[in-house]
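Next come two complexes, and both contain chain A; in the first it sits with chain B, in the second with chain C.
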Partner chain A sequence: MDPTQTLATGSGYWSPLLWLLALVVGLAVALVIRSRGRKDFREGEGRAPFISGNKEPEQGGGHIPASNIYWGFLESMKSYYGRLVPVHTGVPTDYVAWLLGIMALMLIIGLAT
Partner chain B sequence: MNATTLLLTATGTLGLAIFGLLAGLWFMGIDRVLAARMQARIGPPIRQPFIDMAKLMVKQNVVPANAIPWLFNGAPLLALASAITILLYIPMAALPGLPVLNLHGDLVLIMYLLLIPGLAMVAGGLSSGSPYATIGAQREMVTMIAYELPLASTIIAFAWKLAQLDVATPFSLASVAATPIWTLVGPVGFMGLLLLLATMILVAPGELGRIPFDAPEAETEIAGGLLVEYSGRNLALFSLSLAVKTIVVTALIVGLFFPWNFTDIVAITCCPFLAAGANILFFLLKLFVVLFFSVTLIRISVARFRITQVVDVYWKVLGALSIVGLILVMVDARI
Partner chain C sequence: MDTFVMRHLPALLIATPLFAAFLMPLVGTAGRTARNAWAFLGALLTAAIGLTLAWKVWTTGTVLYVFGAATPQQTLPPDAAFPIRIMFQVDAMSALMAVIASLSALGITIYSLSAESKQSGLETFYAMLFLLIAGVLGMVVTGDLFNFFIFLEISSLAGAALVAYRIDDGVAVEAGLKYALLSTVGALAVLTAIGMLFAQYNALNMATLASRLQFTALDKVALVLLAVPLAMKCGAVPMHFWTPDTYTTAPSSVTAFLVVSSQASLYGLFRILYTLYGDLLQFSWATFGWFLIVLGILSMFIGVTMAIPQKDVKRLMAYHAVSQTGYMLLGVGVGLAVLGNADALAKYGKTAMAGGLFHIINHAMYKGLLFLTAGAVFYRCGTRNLNKLGGLGHTMPWTMVFFMIGALAIAGVPPFNGFASKLLIYESVFRFSPFLSIIAMIVSILTLASFVKVFHSMFMGPPRAEFAAAREVPAPMFIGMAILALFVVVAGLAPQPFIEHMINPAVDALVDRAGYIAAILGGR
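Then we have the complex of A and B:
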């Protein structure tokens, strides 16, 4: 396969290399703009994070764990996940039972239609 | 792929970057003036965003002590560069040669590219070492997931309609723009399209992080969230990426729903330059109208949603609306 060709799926298409070229030019534009700005940066004191005057937490203590990164989504969809999570018991026989049950249901629907 | 394509891509990116930056900053200025007038304030001059950028460029760049410097400094660069690349896939004012990458990227690609500036902001926020920025990054991730469903449903509705009409490239935005969808549907489909338009009008402020979907920044609550530690030229780059994204999002809505050009309404046959000029002005006018209704009017009318409410609005209300819109467009084809 020619690595420079536009990839096509029959409906969608894109050319990764042309996008990369555009990204490189875009990065060059961004770097030129950045180079026009003030180059020095603050050293020493005054580099603590802004937390409204509160005491700075221990290193890592102020971070949200990765497991909570989607908190707002999970909280909003609580009623959905509340039903779905208990079903995931971790017991293989439960999963096999679900598989057989769904297959039986699909078979019935298939035969009925 | 030949040297001409590569050259056109490089020069096109440069040209569209200049357009996106200048037009984006002007539109941000217009937005601020109009918002001020609707709140009975005089407001800043229209050129205020340019003045802000100039001011930021002479401010000191502070990198927090416990930040990850390469990621903290690299994220604004990636945000701006990736926002610029999306302009290459969007048709504008029927100008020849646009979109620059017309047959090299489709609507699904645009949908995913729209995520990159947001992801760059998330990376920058998480690398800041600030609890506020971390909360902002978390909220930005959730907001991005939230508006994907209504956005994807809208794009599928357009592609489905074009595929049904045997258009060769139904996922191409240029194909959508060349085939105004309002003229292809009956009354039922028309109602479906109105729902999809309403959906996209409300997806825009989420994409741009504007009120009421600005929970990731929420100045009065988490002091700027994602951007709390950014200053100087890094903050300027993030602001510029927002300016470019403003043009991208409004141009996307124009391309999907209002693709007509001035010369489609009033024939100008005497001179091509006059026709092109009229089309460009008409295109900018359409961008302004979309920006006014999707950003300015909404942000002065309502207060900020909590992050859980953002998900409720996008998934439960707009998600349902956009799917109903999609179904109405499909039903219309059967009538």
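Then we have the complex of A and C:
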């Protein structure tokens, strides 16, 4: 296999190797910036962060559970999920009903065309 | 090199996993080491045969294998209309699927050696796993519609047994029952359709049937009875409900192969639409093309949006499996919708199909990898609940790296393989309908968002006291994940050779209905 080959998409091309080269250049730039940072800094020696006046949580106490992630997204999509989730009843006969329903619909469409 | 093995590769592809399955209970009596060695050997030989057969197809063309006769046309008695016998017809499309199934089987079996080591009844477990592998491989190489049904049944029954294998877990039994019920109803419809076609045309061979079909009203009914259950088996929305239930409760190695099993059903769907009916759909190309496209769009969007709120990592991944199937349906659906328009087919239809087919192999690898990483986390932590997990990046760094590779690939981030196939789909589908392409891109963004959540919940944050004892998984599980991860990276860095040597021939094989018929009936 020739890794330098580009991916022809019919509308254009994409070269994974060139992309990788760009990634390496980006990483090199990041390393240069990092090397210009404070060298005397040691973990745990810094000042406590300001968290709206709250005490900094202990190590391990700052875990954010998965349910809290994208809370805003889920809240704004409540009406969508309110309709979609109840359809997933978990009842096997409902699953069969969906299969038969789609089959019936396609029979009508198939015979009509 | 016309050796005995080379001549009988198609038969050996099925015989090897069957042999491994049936002898497994006997070998298992010799002890744990003998059982594991037998399982490894069976999977390794199956993969080697699968790859060799595919290589033969790619270098010499379609491989025909007729059981009990020298040629497909030979009949007994000699004046019979057409022989009813088992025939395997392995073209480039079948070869692609055989490679996917046999390679996945190897990685998954190696992984199982450790992942299932603490469980009892492993002789039967591996026997069922090899039956599942044989069923899937049979589905993708057979040239006979009734045999396709038989192999579909073998894979469904073995799959249901494996899902419900741990009977101490009531949910697993329930999931197995759901899978078995839906598979049975679907298979019944498929069998009815095969009966309808046999009654009219006195043939079961796909090429023979394809040459005789008249597209009568009964043929249309048979088409629906074949296509809809296969769409259900591949987890297309709105018939996907069994997928999260089944994938969540099955052992991770089984789930990873159930994904491949679903893709074999997808192969069956494409084979029916393109090879069996093909040109006959000339008045309905758009209808059936849009049937696949609508299923694809619904699967993509509903799958990913249902994944985002999930708290069980495997349930979340199961919804993503539904979502990714949507990309395959979209790509191949666009190809079908423009099949009657030679100009559109050449300009973007074939590229869309190539994207869809490339996504099948890519999805099998990265989704298999993701399920295995979820299994690795469950193996060490005993929970799949994302609310409880956290900080595992400190103790399971390699599992985290494998997860990152799988997650970035499924989200379509370069340079992993998911990006290559999605790029083909985006660009070609855009020329068919920009709206559909935009939906596909939005779904990719949502997929990335979903996996960022999983990554954060499982691996980020300070180490958690309850998982202080967690450490990297044993070597066989590591190797199983590494095999799949390696493919994800290699196919992402060098996609063009895969496209040229595996995917484009598969696209041509699907489109070339006349060639498929001629391979059996002659005339070319």
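Here are a few things to note about the model shown:
Definition applied: the second predicted complex is superposed on the first by the 85 of 113 C-alpha atoms of A that agree within 3 Å, B and C clash if a C-alpha of one lies under 4 Å from a C-alpha of the other, contacts with A are read in each partner's own complex, and residues count from 1 in each chain.
What we mean here is this: a residue touches a chain if its C-beta (ideal position, glycine included) is under 8 Å from a C-beta of that chain, and two chains touch if they have at least 3 such contacts.
Predicted model, so just to flag it, every value in this text is computed and none were measured.
Of the two partner chains placed by the overlay, chain B and chain C both lie in contact with A:F73. In the overlay built on the shared chain, the residue A:G53 is in contact with neither chain B nor chain C.
By the touch criterion stated above, A:V25 is placed in contact with chain B alone, chain C being left untouched. With both structures placed on the common chain, the touch criterion links A:L17 to chain B and to chain C. In the superposition on chain A, A:P65 makes contact with chain C only, while chain B stays out of contact range. In the superposition on chain A, contact of A:P86 is made with neither chain B nor chain C. Once the two complexes are laid over each other on the shared chain, residue contacts for A:G37 go to chain B alone; chain C is not touched.
According to the touch criterion, the shared surface of chain A, contacted by chain B in one complex and chain C in the other, consists of residues 5-6, 11-12, 14, 17, 19, 23, 59, 62-64, 69-70, 73, 77. The residues of chain A lying in touch with chain B in their complex are 4-6, 11-15, 17-19, 21-23, 25-27, 29-31, 33-34, 36-42, 46-52, 57, 59, 62-64, 68-73, 75-77.
Taken together, the chain B residues at the contact with chain A in this complex read 1, 5-6, 9-10, 12-14, 17, 56-66, 76-78, 80-85, 88, 101, 103-106, 108-109, 113, 128-135, 138-139, 141-142, 145-146, 159, 163, 169-171, 215, 223, 228-229, 232-234, 236-237, 240, 307-312, 315.
The residues of chain A lying in touch with chain C in their complex are 1-3, 5-12, 14, 16-17, 19-20, 23, 59-60, 62-67, 69-70, 73-74, 77, 80-81, 84-85, 87-90, 92, 94-96, 98-100, 102-103, 106-107, 109-111, 113. On chain C, the positions that touch chain A within their shared complex are 177-178, 181-182, 185-186, 189, 217, 220-221, 223-225, 227-229, 231-232, 238-239, 241-242, 244-245, 283-284, 287, 291, 302, 305-306, 308-309, 311, 347-348, 350-351, 386-388, 390-391, 414-415, 420, 423-424, 427-428, 430-431, 449, 453-454, 456-457, 461-465, 490, 492-497, 499.
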